[in-house]
């Protein structure tokens, strides 16, 4: 069993808030992250696959193919976008890094199987001081 | 003559566009950076001062005081904000990294003099692949 | 189950030595790390919590609250301090990164529970070439 | 149980290819990584040990001793070398990062035991966007 | 006058040697960098332009266009290549980082003018411990 | 004219204080940096040389030779040491990063000339948020 990780990046706007709360209530819970005029981040995404090395290539999976899947399914939809308004797999969800990691897992879990590997971990760095990891359960 | 640099960070939303252009024209010139729903970045700001070391402290300037000035004048206004809509010193300007660097210079140039030093450079990293430097002329 | 990590930093002096050994014996075992005049590091601390995402916030835990706990319990006591002489939870212990990680676990394990999460890992980077991880058992 | 990690670096040339394939076939499978004239990388190696802290030193293992073993067994053989032509433990293998991680595990697994610790993980970063981890099974 | 910098990366093999010297003589002067079987690096290239901000865009130059020029003229030729054998603008030159920086300057100096800016600096990082800067004179 | 830079690192303890001041006065001016029990840092030193590329080597200067000089003259004296008590070229000086950079310039300025190059800049990073540069005048 070996683990390979591909790093991809995207820049997005978001806002943490509940639509059933007033701006004041959202500010109390989410602080400046609830700014109604949005803010944004350079997000760094790490996708880790696990499985066995294929003897004919020496690869667990071709990282170029993994990158293609991540860009098509995830970062092309998030990059230079508003996470709350424009990203299909985040619609109706609180735009926290936790929910983003879980949602990306759900989107990628099936497509990466065509590479002959299993999804192991989604890690997202929101700032240099914060990151979230999700292992699918 | 010695140079000291303080790094500060802020996360902001922005959009590159001209209000006198249509969305299509803005897309043609600014690409995905003109997304009407905004996007955002983790900006890293480097403020460099120059001057002479004070014999009584061994400092050019106290970096804690410099940090206080940068936060009060710049990053408190930009952090978790929308650069186009909420930041007084960016109002009516194209929200490019170039204009942001020039504007930060203009805001900081006078206040840092009280530290007994001169402003030498404003450097802003927008992503790991791009940065801008301005030396005041 | 999701994992969130907060990074905090502190700068401290320390010395690796056993008071029951001579300086020569300490030098033999601990090398230059046993310098009787101390040396120091920029330590980077990563605190990882695990638990379930709260549906009402989208958070496992509020990272600002986690940061407040880490600073009050750990980094305010270590930053710009001498780890051997001034830090209550390191008193009488060999000031190795291993012991520091275990001690920080012991201090933080209870307080973080008030965030509705469990402590998962304490990671400390002492230099760019060395780090220690402790998972509580 | 505690985990310590030592980072070491080496710069090497390599080529991904199968000698039983034509250059065209290799290009189809391995892309530009199969360039017959070689290419190269700054590899970063992370070696993680696990075990119990020794009460008499506060260490799991002396990291200087671990560094000495890694350099003697691994990086002195790889640094400024051609991984396909000159490195005994890579001879006859596809020079993928996966195979490199597994091979380094096999070389280091016994020698690190003399430090009173067990090998836990070999991690290799090939570029800032790709890394591989192997846990020995 | 403002300065903008674009970072690009390439991975290449090279060897430091003089063809009029024996392997022993090359080893004496260039050390392990003269390995006849090649070695390689992850090179990081920083291209800095200078000029005036265009009022109609807020840009000195469009960084996407700068990236296109750098890739077409430089990194597409160097990435996953052997610098001594396959790169037209390095032919017949000692493959040092100094000569690489000067050669890249010579290649890029004219093409970047079409962006309405002047080339200011070529910086190349060969490892985390070494870099070279060239300002064109 | 080309510029080459070598990065070296050292870990040291220090204290910012004036012996003619009381602890309270020192605390007022230097804050927690004046802790009488010391604190410390991982310092990163960048030494930049300038000069002409030698046609016979393609080098401005051999970076291995530069590293040897920096280690012998500077980092062997500072690493795992107390900057106030044990470093000859810092004796009797306020142990600020500014004074450290100036002192390192004074020590290195002559020795590097034997490499056929001139000292251009001493840069010292004390933390990820602070650095100092000195150009010799």
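Just so it is clear, A, B, C, D, E and F label the chains in written order, and each chain counts residues from 1 on its own.
By our rule, a contact is a pair of C-beta atoms (placed from the backbone, for glycine too) under 8 Å apart; a residue touches a chain by one contact, two chains touch by 3 or more.
Being a predicted model, the structure only gives us computed values, none of them experimental.
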Margin query: For subunit B and subunit D, which third chains touch each of them?
Written below: A, E
Next item on the list: Could you quickly compare C-F and A-C and let me know which has more C-beta contacts?
Entry: C-F
Margin query: Can you work out the whole-Å distance between the CA centroids of subunit A and subunit B?
Written below: 28
Check: Once you find the CA centre of subunit D and the CA centre of subunit F, what distance in Å lies between them?
Finding: 34
Notebook entry, point to check: What are the residue numbers in subunit A that touch two or more other chains?
Noted result: 128
Notebook entry, point to check: Can you name every pair of chains that touch?
Noted result: A-B, A-C, A-D, B-E, B-F, C-D, C-F, D-E, E-F
Note to self: Looking at the complex, which residues from subunit C come into contact with subunit D?
What the structure shows: 16, 18, 29-31, 93-99, 101-102, 128-135, 137
Next item on the list: Over in the complex, which subunit B residues touch subunit F? Could you list them?
Entry: 1-8, 53, 56-60, 63-64, 67
Next item on the list: Provide the residue numbers of subunit F that touch subunit C in the complex, in ascending order.
Entry: 9, 11-14, 32-33, 35, 37-42, 79-82, 85-86, 127-128
